[in-house]
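Quick heads-up: structures coming right below.
Same chain, two partners: subunit A is paired with subunit B first, then with subunit C.
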Partner chain A sequence: MSLEQSVIFDERKDQIHRKGDAPFTMGCNRESLAGAVSQRACVFCGSRVVLYPIADAVHLVHGPIGCASYTWDIRGALSSGPALHRLSFSTDLQEKDVIFGGEEKLYKALVELIDRHAPAAAFVYSTCIVGIIGDDLNAVCARVSREKGIPVLPVQSEGFKGNKRSGYHAACKAMFQLMGKGSTEGISPLSVNLLGDFNLAGEIWIIREYFRQMGIETVANITGDGRVADIRRAHGAALNVVQCSGATMDLAKMMQETFGTPFLRVSYFGVEDMAESLYAVARFFLQRDPAIMDRTRALVREELAVLYPRLQEYRRALEGKKAAIYVGGAFKAFSLVKAFRLLGMQVVLAGSQTGTEEDYQELYEITDEGTIIVDDSNPLELSSFLKEKDVDIFVGGVKERPIAYKLGVGFCDHNHERKEPLEGFVGMLNFAKEVHSSVMSPVWRFVPRSIHRGKEPAFTESLFKAGAECRPN
Partner chain B sequence: MHHSNAPYTSTTNACKLCKPLGACLAFRGIEGAVPFLHGSQGCATYMRRYVISHFREPMDIASSSLGEKHAVYGGEANLKQGLRNVMHKYEAKLVGVATTCLTETIGDDVPMILKAFRREMEESGVGSSLPALVSVSTPSYSGAHMEGFHGAVRAVVDQFTGDPEVLPPRENRVNLLPGFVSPADTRYLREILDDFGVESVILPDISETMDGPAMEDYAKIPGGGTAIEDIRSMGGSRCTLELGRTIMGTDTAGRLLRERCGVPLHGMGTPIGLRESDVFFSTLKCTLQRKIPRKHTLERGRLVDAYVDAHKYVFGKKVVVFGEEDLVVGLTAFLAEIGAVPVLCASGGESGRFRECIEGVTSGILSPSPEVREGMDFYDIAEEAESLSPDLLIGHSKGFHLAKRLGIPLIRVGFPIHDRFGGQRILHLAYRGTQNLLDRVVNALLEKKQEDSPVGYGYM
Partner chain C sequence: MLLRHTPKEIAERSALTVNPAKTCQPIGAMYAALGIHGCLPHSHGSQGCCAYHRSTLSRHYKEPVMAATSSFTEGSSVFGGQANLVQAIDNIFSVYNPEVIAIHTTCLSETIGDDIPQIAKKALADGKIPEGKHVIHVNTPSYVGSHVTGFAGMTKSMVDYFAVSTGTKCNQVNIIPGYVEPSDMEEIRRIVEMLGVQAVLFPDTSRVLNSPQTGRHEMFPKGGVTVEALKSTGDSMATIALGRLASGPAARALDTKCKVPCEILDLPIGLRKTDVFIDTLRRIAGVSVPESLNVERGQLLDIVTDMHHCFYGKTVGLVGDPDQLISLTEFLVSIDMRPIHVLTGTPGKEFENRIREITRDVPRSVNVRAGGDMFLFHQWVKNDPVDLMMGNTYLKYIARDEDIPFIRFGFPILDRVGHSYFPTVGYRGGMRLLEKILDTLLERQDRDAPEERFELVM
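For the complex of A and B:
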């Protein structure tokens, strides 16, 4: 039995495709298989990641302590002002609350936190246990909202009620309650909301600056460096620009339905997608401002003039190296495939936790023959793919990192913990730099994978031709 | 002096983790074991992420991945399916099932489900390849991660030890239940026992499972961990050493071994500082009737020498200590010995014995006793710390924000350490660990003094 056969569950066989083997079909959008050690999180996680960067709101996790502990300051979502989002608030439910109900505790905790921090709003996250004991979150939130005069929004994010995507939806529903409430006076006809950017490492500031140079006003960041007041007037923007696979797509759809706000799907990763995103927005506003396209072209040209020569240097070193991608949403994988191509690298594995059929179809179309496409994978599968494809760098999040490192494979964190912006033109350069700094490290020559394949000598003695007389034979 | 918790309803920046996480860590220290959470998928993933960020090692935790319909009809089918999958793909020798708040509340009877699963497997003829199945009840609304840790250790001992009659007594072997200590600590404890010339069963043993070598193939289950065969025969050991003052006298694995198998139990503090380490060594000396190996008396001697060399730098320095209760007790014992003044001892845990244990290690050497607070979060700790104007914080990395605000050094110890490198290799215990802590404390204070001074001292 091959290594791969020994690690792939029968139930998951149709969630893995090797391009070129057979006509493309992909099983996805399912509950994770019990016992398979999925890399996915839960509904709560989906809601938490989307709403988390709203910096002037209290984010109260109603449940036992774990859910709040594990999400304390978990993302590098920066704020230019208040930083309430970086605190971890919990009702820390105890046994007696589970028996008698947690509503009273929730009420008191909310009042206490609102009095203490004077937030612009409060989000209250429901966790597994709350879904079981049946606390009436809506009633408590409505009561506190009345008494305190700020929006207090329940987020129906019970962990077991679906997967991360359901959590995105719950977050969108909660945010949508804020919309249509603020004044839209003075908003430019050339205006956008930025949806699905979480301002990791300050990325949304880069994107806002591009739009500013194009003459476009950004009304609301949803949600990176987000503010409640901005979200309340987001319905006044002319266009929603939506990044990221599904996190805020539901919100864009709700806004379109209710306020008639059109939306565009974009990606700010990689040169091609970044430029195309700006052009798409420029095309949208072309009738209102015929000069916008020229400004956009000038911007892109200027950025590329700086970027390209430097990218070429990295490309020379990285050409022909092999990359594997496993990320949360598939949309990011599309951009990464293109970004690696720009660096002359070959993507041999592309997967996501929560991709849809359409997502995987697109991945299939943009990848090379032989590429493995995978949905909702796990450490055993991923490690066997890395080994089989003899990968030079793996792109993922914290949970994927030790899989790569243990096997002696380079790694790039393209998730919450990144400290350098990877979006925008400058982000592409940072990405190239990071990939280069991992792939080109001399440490890989010492790991078992290199030694056993005869790429490198096992011990220093053979490099220096020393110690021969010490050997037993 | 208040002894009660801060008067707040809400928790801000908790100083504790949830119960199943502790159980998973303990299970990870058993050879061939896969930790398994019976609950929704997110619990396993969150805990994996949290643990990985400290140890920088793979940490596969399986899950029964319950969805909405299971919450209504019960999680039995998913639990069984998950166990089958873990059996087949991970080839586990043991699956350690910890419950979560979800499955505790919907009322799944995990021991019964495991029994039924075993029966079904035996009937279908695969009983012989069945891994051991251990379960522990870990609802996160009752107790924190250390209760989960000790609960899992006890559950393992409960499952594998039985009638002492069938065991040949092993006079030259001791059981060591160290609690949640670092891989480096575990390796050092084994070295000490080896040096005494005694065989040992250390349970759990994460020294290799959470700090392993680079590999060519991904180990489905990392090598190392306490062998199940060794656990089975713990009932025949000469004695059990169980570390942690706050768990002394409670329903621990050590007590179970004593009651069920008659293994004498020596409960003692987590050996940090000279006196608590002396207790550890002298217990070994007395029970084994052997001299303390010279290597260790020398290390003790060097530690005393270092205490002297360091005393002026640390005298009167006010320290806030936080983290797991038993770790804080050990650290406080050490700080009191060197003339530092622990002004606040805080923990998110709520054993009810924290104060008494702190008093136990500070009486006669520190006056007055420090503030001792259970059930604290970082909001409470910060509020207290503001008025105490400490010189130093000692605890895990979640104290960073407070240290930054106060402009004082944080000595990172214990778990988690998410913002520095090498958390798994920090040595805390016994003479050598104490020496390491002392060096770090003194150097942090020196660095602060040097940095803050306009003089630019070249000698400190």
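For the complex of A and C:
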């Protein structure tokens, strides 16, 4: 039995595809198999990552302590002003609350929070247990909202009611309740909302600056460095620019239906996608401002002039190296494939936790022959693919990093833990630098993965043998 | 300021926890289970919890952390998780092939009321558990206790499921090291070996969560206590449990189940607590303390002697887990420092009593709280600043805002390395703690010294 066969659950075989093998089909969008070491998260996690960057709101996790502890400021979403989002608020449900219900506790917690911090709004996240004990979140939120005069929004994010994507949806629904409430006076006809950017490492500031140079006003950041008042008037913007299909697409659709705001799907990762995103927005506003295209071209030209020569240096070193990608949403994988190509590198594995069928179809089309495409993978599969393809760098999240390192493979965090902005033109340079720093690190000389190539892993006995040696006296 | 939203005035809160100083039971259970050789922890609930626990452990140890989940859906939350768990057991044994599956529950499966032993029985009856393999479990409702409770529970389960008394005693001692780092478990084992005592140490996460770089990812690393060793704990002469909260329940269970007498001690952090541990071990095993250990003790004492003027009267704020804080506070008091804010997120009045007792002679008013949070701790510090703080990584916000020197100690540490490799228990661990304390205090003194007071020899 080959290594690969032995680590793949039969039920998962159609969630893995090797390009070139057979006509492309992909099983996806299904529940993880019970018993798998899945890399997936829950509904709550999805809602939390989307809403958490709104910095002048309080984010109260209604549930037992863990859900709040694990999500306390783990994602570097920067704020230029208030930082309420960096605190962790929880109702810390106790046994008696589980038995008698947690509504009263929730009410008290909200009142206390709002009195102390005077936030612009409050988001209340429900966790699994709340879904079971049946607290009426809506009623409590409505009551507090009435009494305190600020929006108090329930987020229906019980973990078991779907996966991360359902969490995005719940977050969008909560945010949507804010919209259409603020005054849209004074908003420029050339205006956008930025959807689906969370300002990790300050990325949204870079994008806003590009738009400013193009003569476009950004009305609301949704949600990086986000403010409640901006979201309340977001319906006044002429266009929604939506990054990363999964997270805020639903919101864009709701806004289109209700307010008629059109949207564009974009990506700010990689040179091609970044430039194309700006051009697409420019094209949208061309009628209103014919000079916008020239300004955009000038901006792209200027950025590229700085970027290209420096990228070439990295490219020379990285040419021919191999990369593997396993990210949360598939949309990001598209841009990464292109970005690696720009560096002269080849993507040999591409996968995501929660991609849809169309996502995988698109991924299939842009990847090379032989590339492995995978949905909802697990550590054993991933490590066997990494070894088989003799990969030089792995792009993933927190749980993947140590696996890559143990195998002696470079790593780049394209998720919560990114430290440098990876969006925008400058982001491409940072990305190249990060890839370079890991792929070319001298450490791999000491831990050559090639030493073990082809050898089956052997499970070794425990070091500790005292019990085994124990003999009756 | 990062925590500018924290006011100085303290108001009693009844419903709200802000900036928790604890987390939930399952992560402790998962950590303990990783200390069994060839064990795959299994989270019976929806996948979110499991993902969070693995991520947090991964960040703290910078190691892959393997655990499976029942992946609850809406259906399972209505009809119960039996089908998921039976299928999970089947899948896990056929693909990952562990020796042991250690199941813990989550809030969700607890509230639904799944009966794990009954489900495991069904899996066995259905032939899903291969010959010679094991499924153990612990209930870990997170609305009770904290991560420490979960650790204690899983450790006790090791006894409940494995310990047997064959009627023939064997010449070994059980050591339950408590909820400490892999490096600490390694150090405890080193001390035991120095004394020449045969022992079973459980759980043992060394070489699991501080494993070397080998160019391989091993699903089941080399470390961990074996099932065979766990079985033999029932025949041991005695048990020494370190840390009352984390290790007490398992030690008492061994006593009840297999009549193995136990001594429940505080964690061996600092001079005196290490003395007690070594002396107890010496007494129980009838051995004498080797000179090499005495040397280590003397070296620790030597640092305290040489630098006692630096410790004198320094005030300290501590956040952490009860077992650790009890010993650490005692150590700090014993070197003339003044712990004046001591807070744990884990509930339990006993903690407050013990800290009060330990700090009785500290000539300052001392704030103690069990079941508190970092928000309260920060307010204490604002009202009564300290010279030094020790606690997990989240303290760095307070350290920065209040400009107070800070040492990382406890769980989780997300931004530094060292804790998985260098212990804080035993005499050597004590020396490391002192080194850290001195480095931190003197660094600050150097930083703040006016030019004319900047000294070479300190």
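The working rule: the second predicted complex is superposed on the first by the 448 of 473 C-alpha atoms of A that agree within 3 Å, B and C clash if a C-alpha of one lies under 4 Å from a C-alpha of the other, contacts with A are read in each partner's own complex, and residues count from 1 in each chain.
Going forward, a residue touches a chain if its C-beta (ideal position, glycine included) is under 8 Å from a C-beta of that chain, and two chains touch if they have at least 3 such contacts.
All figures in this text were calculated on a predicted structure; none of them were measured in a lab.
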Clash or fit, subunit B versus subunit C on superposed subunit A: clash
Touched partner set for A:440, first subunit B, second subunit C, both or neither: neither
Touching partner for A:109 - first (subunit B), second (subunit C), both, neither: both
Comparing the two partners subunit B and subunit C, which touches a greater set of residues in subunit A: C
Partner chain(s) touched by A:399 [first = subunit B, second = subunit C, both, neither]: both
First, second, both or neither for A:187, with subunit B first and subunit C second: neither
Touching partner for A:83 - first (subunit B), second (subunit C), both, neither: second
Interface residues of subunit A shared between complexes with subunit B and subunit C: 6-7, 9, 31-45, 60, 63-72, 87-95, 97-98, 105, 108-109, 112-113, 127-129, 131-133, 159-163, 379-380, 383, 398-399, 401-403, 405-408, 447-449, 452
Contact footprint of subunit C on subunit A as seen in their complex: 6-9, 31-45, 60, 63-72, 74, 82-84, 86-95, 97-98, 104-109, 112-113, 116-117, 127-129, 131-133, 159-163, 379-380, 383, 398-399, 401-403, 405-408, 447-449, 451-452, 457, 459-473
Residues of subunit C touching subunit A in the complex: 2-5, 7, 11, 13-20, 22-27, 37-38, 40, 42, 45-56, 58-59, 61-74, 76-77, 83-85, 87-92, 95-96, 106-108, 111-112, 141-144, 146, 166, 168-172, 189, 198-201, 204, 207, 211, 213-220, 222-226, 228-233, 235, 345, 375, 394, 397
For the subunit B and subunit A complex, residues of the former touching the latter: 8-14, 16-18, 20-21, 36, 39-50, 52-53, 56-68, 70-71, 78-79, 81-86, 89-90, 100-102, 105-106, 139-142, 144, 212, 214-220, 348, 398
Touching residues on subunit A, where the partner in the complex is subunit B: 3, 6-7, 9, 31-45, 60, 63-72, 87-95, 97-98, 105, 108-110, 112-113, 127-129, 131-133, 159-163, 379-380, 383-384, 387, 398-399, 401-403, 405-408, 446-449, 452
